[in-house]
Amino acid sequence: MPTGKETHTDQAKPHRWGMVVDLDRCTGCEACVVACHAENNIAVSNPEEAARGRVNHWLRVDRYYEGQFPDVKVKYRPVLCQHCDEAPCEPVCPVNATYHNPEGLNVQVYNRCVGTFYCANNCPYTVRSFNWFDPQWPEPMQLQHNPDVSLRPGGVMEKCTFCIQRIKRVEESADAGSRPVADGEVQPACVQSCPAEAMVFGDLNDPDSKVSRLAGDGRATKLMEELGTKPKVVYLDRAR
Amino acid sequence: MAEHPELLPYGIIREDLFRPLSRAGSKWWFTVTVCFLLVLAGLAAWGVQLRDGLGVTGLNRPVFWGLYIVDFVFWIGISHAGTLISAILRLTDAAWRKPVTRAAEAITLFALMIGGLFPIIHLGRAWFFYWLIPYPNARLMWPNFRSPLVWDLVAILTYVTGSAIYLYLPLIPDMAQLGAHNKPWRRKLYTTLSLGWTGSDREWHALEMAMKLNAVIILAIAISVHTVVAWDFSMSIAPTWHSTMFGPYFVVGAIFSGIGALIIVMATLRRTLHLENYLIKRHFDNMSKLMLTMSLLWFYFTMSEHITIWYGNEPKEMGVFGQRTRGDYAFWFWTMVVVNFVIPVTLLGIKKLRSITTAVIASFGVLIGMWLERYLIVVPTLVTPRLASATSVYSPSWVELMITVATFAAMILLYLLFARLFPIIAVWEYKPHSPEEED
Amino acid sequence: MFLIAEYRSKDALVEALLALKGAGLTAEDLAVFSEEPIEFRKGILDRHSNMSKAAVAGAVTLGTLATWFVYYAQHNYELITGGMPIFSFWATGIITYETTMLGAVLATFFWFLWESGLIRRRDPEAPIPVIGPASMSLRVKCDSARADSFVETLRRTGAIKTERRGK
Amino acid sequence: MERRNFFKILSTASAGAVATSCGTSTDALIPLLVPEQDLIPGVEYWHPSVCTACPSGCGVLARVMDGERIIERISVERSTAGKTEKLRQRLAAIKKLEGNPLDHVSGGRLCARGQASVQSLYNPDRLRGPMKRSGVRGEATFQPISWKQAIAEASDQLLKIKAEAADRIAIVTGPGANTRTLALRGFAKAIGAPEPVVCSVASWAAERKAAELALNWQGLPFYDVTNARHILSVGADFLGGWISPVHYARQFGAFRQARTEIRGYLAHAESRLSITASAADQWLPLKPGSEAQFLAAVGRILLDLNLAPKASSVPAGVLAAFRGFDLAALIAATGIDERRLRQAVEQLGRSEGPLVLAGASSIHTNSVDAIIASHCVNMMLGNIGAPGGILPPAKAAIEPLTNPRFAEALSQARAIILDEANPLYTAPKSAHIKEALTKAGFVLSFATTLDDSAAWADLILPAHHSLEGELAVAPSTASRVSLAVGGAFVQPLYETQAVPATLAALAAGMNVTFQPATAKEIAEPLLPKDLPWETVVREGGFHADPGLPSVPAPKSKPAAKAVSSPATFSVNPAKFEGDGPFLLQPYLSPQLHDGSLSNLPWLQECPDPASSAVWSLPVEIDPVTAQKLGIASGDNVKLESATGSITVPAYIHPGAVPGVLSMALGGGHQHFGRYASGRGANPLEILALAHEPATGDLATGATRVRLTRIGPGKDLIQYSAEDKEERPHAHR
């Protein structure tokens, strides 16, 4: 009989991780995209598969053009899993492969995933990616694999985890030192890499954290907030 | 005489209807072989997919559902031919139903078996499909009962069980009769399956009682099953899928395509098994009228589905609407309207044009149209996701096409085998009685 | 002791049934065998059936069990998904409905098997008449003492053939 | 410093103390090479190093953990003797590169290219050891050879040529300033060969030259973007393909949003909608090559509007030159609407902290003029040496090589040594590199992966990856003396050798005295007394405090003198070669840089910011031209110059300047491993042989081309094909 118990979100731990992306700082350089690949062992496809739309990015930078020459504007927006509080992807998974962890993260448990694709269809942000084949790592590329992140077999869905492995490392080291996790101590790979420091990560439960302060900024918006997904990624619009 | 097949001498009826069981022509063998080979090819394609991964399909980000889901909805829709139609006819005690019901019920069972496979074929890790079933396991996990896919599983299992019983019950008396005179292996099969049926009034009474009850229950199940299938879509928040109307819309579509399948099967049986005396023009006429009704209903639903999207002019929904009505899928959309509405209404609505041939032509159109309808529900929504940057295209791969073709072959194969093993028309229901007794 | 009589017409059969019942036999002692169902008016050969009650019972049982099970399973491993409550009748309603229907189907089926006698032990003594198209057989269970008078009744009502079996 | 970074450095700093105490906590660090037996699964070690993906010199931290690889070796077991057997080898592996927070260039940040450079370390196509040509030169057939034999053969060959004509030994390298280039320079000197030449389209020679001519500064000026309030950047894609993208992107972030009341305003004038133009508040689309005219107009308008407070500091001759310009002609040359241009200049002039930042991301024949003009404008605005202005470059810890005339050097070379340079790719066909490589008596390459030019080598002596050996890099832009250093902390994967060591071995083979300078030897004379070398190694480099004797004071006076010389200041129109109706504008890809990173799958799959192309790079065509020629996105088109043609997929870019065909570099490698070989086309190939006269640098933007549609193609692979955020939902 199943006996595993997981705590209820309502009795949450002190942290509620969130991110702020300042679009006024973002240059669209995509350092975050590569950082994410380097950190999370994301499989690289090949030109043939890429042409079929099978490129996997947990974090992408959407780019849109507005207007006509010479008044063309480009909008870049890094889009990653929004870690919705009311995530549409979660209830539809028949095997609980995606669910809400106690810290409010929307996590994907690869081992449970059978690949129904339902979560990906129900994600309004289209941030989930699928392993169409078993990933290939020609020798010695596997040396680069981050041992903190599991490799995903073919047939499972995957997505941004807010670099949960980094969160865990910091929390463990904080626990070991019996000290609280300091603001800015946890940095997902994308946040860490961003040259313009457009991304800020932190605890939304802590009103004094940088991320909480920025989330209260007048420029703050959330992507497709009207869907009621309650995303935990906040975008600061470009100042005009 | 052909207007009233019930008036044929019982002996002739029995002989006519049992004859196909003991004789197989070369055409039968040919078709069975071809279908069998196609099914093998489909299995091989599935094998390739299992070995290499779902990458061998045309699916991509964000078109995560494709032909398999289209086929799934299509076959589940076809399954409504049988049980639902036969149950309605049974409950209304429409006497003309008698040669039709078993043919219809068999379609249901086989279409369900085939349709039920698609969610498994579609899985990224198909070998773990049983993880959806709630049973105590080493993973210490129960499935997520909030997921429409688990609803699907329960609904389809219920429907399969119900329709298998519904098909089986009226077969018992026929098998009891067949058990008396046949080859040894067949005799064994029939006597085992007929459970020692003696034909006592007690048995008959229980059978009729059970059939009546089951007809009521199966109606309730059939409607719910296709509603749950529709809810796979409408429970999600994808543009145009999130519609309150999808439940009834899918049910109507399912019955519509089911009737189409039934008419084709009836016409084929009539021709190949020489049942001209049993499946008469009146049957086709009645089925045509039923189909005409469903065509109008279908059009009404399609219309109200699209007009509300258009009028609301919500950008994300309009993106899909645009794709369907004047974008990449416009040709298929308008083809669907023609074959699902214009052709059936013309051919079957005008009395002069209504005939067995036109009914069959319209039915083929409806099958194609309803398949297209599912394609047009699944794919355009997915290729136009909410964030424009994720926009994509989809074209099915050879694996998906092969598996799709194989399922049609499987349907034909199963039907051919069934028609060789069991009387396709319930013989016992053909008791001779005068036409006045009819309601 | 069993008597078997073959009839060709339903009217004759009905007459025989009425006469036998008038002679004190109950519906339990009588059985009609035919290749197709014969419908009798009420009061001729009533067979009482509890099948609908069984169906309702099966439906309620399985539906309740399934609902309880879902409740148990979801609380056994409390995973919050999408902000939905751990257990909600909205979401579980579908499963309750489907399992209720499944319960009804299964109960009907098994009740049919039971009530029809197909899976009950039959009286090894009771003979099963051979029936053919358009013929009906009436089997009467009676004391051997009264057998002669019943045979007489059967013949009188138009049985084309009568037979005595057993003791 | 952020806390995480602080911990990281703490772990590095406390290394010596805990190294002996088993080192179970994350504070453990094993100095230098990490031996396998000390690897603890799951324990991470952070080691400082330097990124060499481009010459910016970003200090990085490498995350080292245990890894496993399969190696093949000849069995020595009696039963299977002689057969190759596969063994698992456990070794310290670099998992990730992050910016070193103590480094002043990266500041703890790193760009896409830097992050991906770990993939060049673990690239499956790396050469496993020395290779000797076995077929005809250029056929790229090689066979393995031992180091001993390879060094012997190479020194023999070089010795022979040295004896005949030492001045015809051409050493070709990249634009970096590091221990490797220093060793090359020393080796050249030791064997009597000419100084190594630089083969690159990203050496920023024009920026250097202009600073020298206008301000008498040696090196690349340091723009204090962080403290500026209003920036007008001209021709410099400083957030993407320019001197130091990470550094300037860092500054840009702060410029925009780090100050509570002030938000920096960026106006950007460039002939391409680069990522800098995208990030800018206003983009002024210039005609290619009109940067000089544009800046002259800016100066003139500022003077006219009396918005040049420090005009008095500008030499009279220069002011006179500005006042003498025909403004209408200048504005017409830029192709920008006059009202818009005047508005932009007025905004700049009225700002409290204006800054003009000019560069040559695309090099034209008048690029130096343009940058000199920008310095003059900055002078008028009082920006020289001021906070929020242009700061003088510090004395370079390692002088970069600056001679860009590699084509001449190669054309007469008897022996060619290639290191970190790929002239066959970087130079146009018209430079006749292939002929030079065919003709040369001996071609030696130090390539780590077989690239286009290494395919023509007689011998390849593969170098270590820069993360595998000791290294010191002088950042390309710094206002204080600085040096980034990296130690050797992982075992080299293959039988490779650091270039300085190879050069020393060659020198020894040639009986020449040559000892390459180590990082320590370079750094020690520059270090303050209280900064021990060990600290420098632990922190990954040093960044001298201002006020140290080694930091030169800004010298604006002589600069003014230089500017006042009419010979060095004029606005020449850019010259274009050929006769097509379109201008070809190759540019540094934000992902693949100058094509030297094309073999990294992460970068190949990172969508191009303009076209969202992956695994392919299209030519960007403006919608009007495309409509006229009937070209759609994804069609194959032919670009034809006077010297050749290439076939590329088209991308209809809504922001492309009409008449300009921009194309990112990175495609068209003939040989560059499995991820790059045979993919796409190289726009450099068809460039005319035009040069920037003051520097001798290849003018990359000076070629006219014809454009013809070939037909539909499948070569454009887009990650996201949609350009517009809102789908049309017309109510019909």
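The letters A, B, C and D name the chains in turn, as written, and every chain counts its residues from 1.
We adopt the following convention: contacts are C-beta pairs under 8 Å (C-beta built on N, C-alpha and C of every residue); 3 or more make two chains touch, one makes a residue touch a chain.
Since this is a predicted model, take the numbers as computed values, not measurements.
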| item | value |
| --- | --- |
| Chain C to chain D, fewest steps along touching chains | 2 |
| Identity of the most central chain, Cα criterion | A |
| Distance between chain centroids, defined by C-alpha means - chain B, chain D (Å) | 64 |
| Gap in Å, rounded to a whole number, between the CA centres of chain C and chain B | 31 |
| Averaged-CA centre spacing for the pair chain B and chain A, given as whole angstrom | 42 |
| Touching two or more other chains - residues of chain D | 720, 722, 724-725 |
| Two or more partner chains touched - positions in chain B | 140-144, 146, 148, 150, 388-390, 392 |
| Chain A: positions in contact with at least two other chains | 1-4, 55, 60, 62-64, 88, 91-93, 96 |
| Chain A residues within the chain B interface of the complex | 1-4, 49, 52-56, 60, 62-64, 79, 88, 91-96, 112-118, 120-122, 124-126, 128-134, 153-157, 223-224, 227 |
| Chain B partner contacts - residues on chain C that touch it in the complex | 31-38, 40, 45, 47, 49, 51-52, 55, 69-70, 73-74, 76-77, 79, 81-82, 84, 88, 91-92, 94-95, 97-99, 101-102, 104-106, 108-109, 111-113, 115-119, 128, 131, 133-134, 139 |
| For the chain A and chain D complex, residues of the former touching the latter | 22, 24-31, 33-35, 37-39, 44-47, 50-51, 55, 57, 60-70, 72-76, 138-148, 170, 173, 182-187, 189, 192-198, 239-240 |
| Chain D residues within the chain B interface of the complex | 720-722, 724-731 |
| Complex contacts: residues of chain B adjacent to chain C | 10-11, 14, 134, 140-146, 148, 150-151, 154-155, 157-158, 161-162, 165, 169, 173, 177, 195-210, 213-214, 217-218, 220-221, 224, 228, 231, 428-432 |
